[in-house]
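Next, two complexes with chain A in common: one pairs it with chain B, the other with chain C.
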Partner chain A sequence: MFVKFLFLISTLLTLAGAIGVVAVKNIMHACVFLLASLIGVAGLYVTLGADFVSAVQLVVYVGGVVILMIFAVMLTGGDKADFFNKFGFEKVSAMGNKKTYLVGSAVLIVFTLSVGKIIFNIIDLKSSKDPQSYVSTVEQLGHLLLTDHVLAFEASSVVLLGALIGAAIIARPNRGVK
Partner chain B sequence: MISLSSYLLISFFLFLCGILVIIARKNIIAILLGIELLLNSAALNFVAYSRYTAQNLDGHIFALFIIVIAAAEAAVGLAIVIRFFQIKESIHIDDASQLQS
Partner chain C sequence: MNNTIVSYLLDFEIVRNMFDFVSTKFGLNASGILTFFIFFIAAFIVVNVMAVIGGLGTYAERKISADMQMRIGPNRVGPFGILQFLADGVKMIMKEDIVPAKADRALFFVAPTLCLMGVFASLAVIPFSKGLTLTHLNVGVVYLLGVSSLVGIGIFLGGYSSNSKWSMLGGMRGASQIISYEIPVTLSMLAVVVLAGGLSFDKLVDAQTGWPTGWFIFHNPFTFIGFFVFFVGVLAETNRAPFDLPEAESELVSGYHTEFTGMRFAFFALAEYVEVFVVCGAASALFLGGYKVPMDLGGESILGQILQMGSFLTKTFLLYYVVIWIRWTLPRLRVDQLMVVCWKYLTPIALFNLVGCALWVYFLNGKSFYELVMNMAVTSIHSGGGH
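Here is the complex of A and B:
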């Protein structure tokens, strides 16, 4: 019962946040809607029994990535400037206009029709099978990360170090000027 | 109980929203927001399948690595955006038309 309630709340938060990211005209509001969507996905992880993944999602995504996005929005001054191309006969607003949304919707319809032929045949929303009960996954995940997946674990540490150093070097102003 | 298909439908909808954001928006940061939605839908699929069919925790490991890669991608992408803004005074994707300024 509680799981179903949490599932409904999280689904609502996820879908509303995703729609908000698509529809809203202000980039800062879009960041806040993305925050709602990511919190909803963390709630869905809880209903799936993935407690550690849910905690990591909250800490890394909600606490890290979205804050980084908001920093970048503030450092670049929002979405005030429109783009004029060289000949000056076309102007596209930074948050998209009717034409770009039309093209995107056409792509989505084609995608949904092609994928939906497969997906909508196998959907059954009334599954009565109850999967295993909820247990803590932290200990098993630790064992897996340090036995089966230890190479990927170490490689991801190198990836993170490289990404952070690269980000610091790329964002440094006046490169090459002593 | 909640079936696997409902999670798949939520993930499908998240994926559609991400694609629409990437295509329709012209702001580089908004496009990065769309990429985050896509990565989340993929990770949600991994965890859902891990619970309903695989009966082990490899899907959780994949979701963790997706989150790590997304964090690294966001750091590098936003650094590039900030550097691009310092050079071009714009974050419109159509201004990013040359490799060398």
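Here is the complex of A and C:
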């Protein structure tokens, strides 16, 4: 009964937050609704018995991603004239160019392979054998991440490193211009 | 199933009898509703006691600062002015509730509540004693980090929604400071997690002993440094001096809560003081042996629980005193110094500690420094006997 109530509350929170995100016009309010929705998702993970995933959901999404989104809202926007060059084209094209397509497709291939590896294993697991019984999911996750899914683990860490270096390069002041 | 306060109480005959009695009386399985009821009462008590401790925190802050500045401090309300926080609370409720004309009203109402929610949610895993903890979540440490980050969002939204430049600057500073300092804090927590081999607070505390020789702070040189990294990090995360840039009163009037009045302001203040208690409790549980009593005095009985609570609260309040002491001793850092301290010093040191702890566990089988020295002393006495 406890779990059912938790499921009901989490579902309502998730759905109401998600509807709020697309319904409101103020982008800051949308961020707060997103926060509610993400907390609801953490609650859903708890009802599924995925304790570690729900705690990480709180740390990463509630603590990190929402704050970063709000920061991004604060630091962008403003004068629209800055976004276009003198011919009226967007300076940073939203649809990308040749280089970004090349890098994007390479990343896509790596991700498809690593995610596919995980998903095939899960399908295999259901058909053949019972999942190992652990009291807590933390040990299980740790074992699987460093054995079966080490490729996905490493790929995601490389992506994060790339994002970090990219952010540092973008934020670095131009050396040539005085 | 995690160990919770309900599973502790179910060890007693009376409580089990009560469960049976209610079940037979109403002819249905009442354990679900009774579990909820017990949790509700326990959470109610913990939250209220913590609110009083937060209020007493403001009194302690004023009294200790008065001592340090050769003043008397509050001494009118009650004996030694100890009821000052109640008078302040009444004053806060009676004040006019002002919302700035161009404020974002919805977020203005949400922000203080988010702060308070985050802090009170983190009380669920604070280990007061082995039995009297609301729940020993098996991912307790990660949960604590997750819910306490709600405070950062509350501070930022408070700064944004009041539509004032001082508030905005304070909110921006607060949010950036909190997410930056989360990294060294998490890394130094992980060093202890590596030693204990678990993420739940009961596992972390039970891996230590009552005597200081078995505490994690004295386990090895890395955890000794790690404790100070952790403590500096949580000072910054709770926006306490010397890291109180979000409310730097000499430059930003009062920072993110400049525009807040009445009870909303009180929510921010209360959240800050309770959060200081929470992080001090986490520090004492992770590094200073938590609720462990020397020689396990009292054992599993009620007396044992009271002694354990005394042990935990003594360490926590000593750390609380240190936090206040630091506030009235050190000058405030500049913003660039703040970021330099976090990214150039604390984060590399915490990473080094984490790797060091892992190597220590791997090569020395997790034996503490004290155990190694004692082993060496014993073997040298035995081998030196022939001289």
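Odds and ends about this structure:
Here is the rule we use: the second predicted complex is superposed on the first by the 112 of 178 C-alpha atoms of A that agree within 3 Å, B and C clash if a C-alpha of one lies under 4 Å from a C-alpha of the other, contacts with A are read in each partner's own complex, and residues count from 1 in each chain.
Following the convention adopted for this analysis, a residue touches a chain if its C-beta (ideal position, glycine included) is under 8 Å from a C-beta of that chain, and two chains touch if they have at least 3 such contacts.
Everything numeric here is computed off the predicted structure, so don't read it as measured data.
Once the two structures are superposed, chain B and chain C can be ranked by residues of chain A touched, with B on top. Of the two partner chains placed around the shared chain by superposition, neither chain B nor chain C is touched by A:Val110.
Of the two partner chains placed around the shared chain by superposition, chain B is the only one that A:Ile170 touches, whereas chain C remains out of contact.
Within the superposed three-chain model, A:Gly64 lies in touch with chain B and with chain C [touch as defined at top].
When both complexes are overlaid on chain A, the residue A:Met74 reaches chain C alone and has no touch with chain B. Contacts of A:Phe52 after superposition: both chain B and chain C are touched. Shared-chain residue A:Leu145: touches chain B; no touch with chain C. Applying the stated contact rule after C-alpha superposition, one finds that A:Leu12 touches neither chain B nor chain C. Within chain A, the residues touching chain B in one complex and chain C in the other are 52, 56-57, 64, 68, 71. Touching chain C in their complex are the following residues of chain A: 1-2, 26, 28-29, 32, 35, 42, 51-52, 55-59, 62-64, 66-68, 70-71, 74, 135-136, 138.
Listing the residues of chain A that touch chain B in their complex gives 3-4, 7, 11, 14-15, 18-19, 21-22, 27, 30-31, 34, 37-38, 41, 44-45, 47-50, 52-53, 56-57, 60-61, 64-65, 68-69, 71-73, 75-77, 79, 81-83, 85, 92-96, 100-101, 103-105, 107-108, 111-112, 115, 119, 122-132, 137, 140-141, 144-145, 149, 152, 156, 159-160, 162-164, 166-168, 170-171, 173.
Those residues of chain C lying in contact with chain A across their complex are 32-33, 35-36, 104, 106-107, 110, 137-139, 142-143, 145-147, 149-150, 152-153, 156-157, 160, 172, 175-176, 178-179, 182, 199. Residue ranges of chain B in contact with chain A, taken from their complex: 1-10, 12-14, 16-21, 23-27, 29-30, 32-34, 36-37, 40, 43-44, 47-48, 50-52, 55, 57-58, 60-61, 63-65, 67-76, 78-83, 85-86, 89-92, 94-95.
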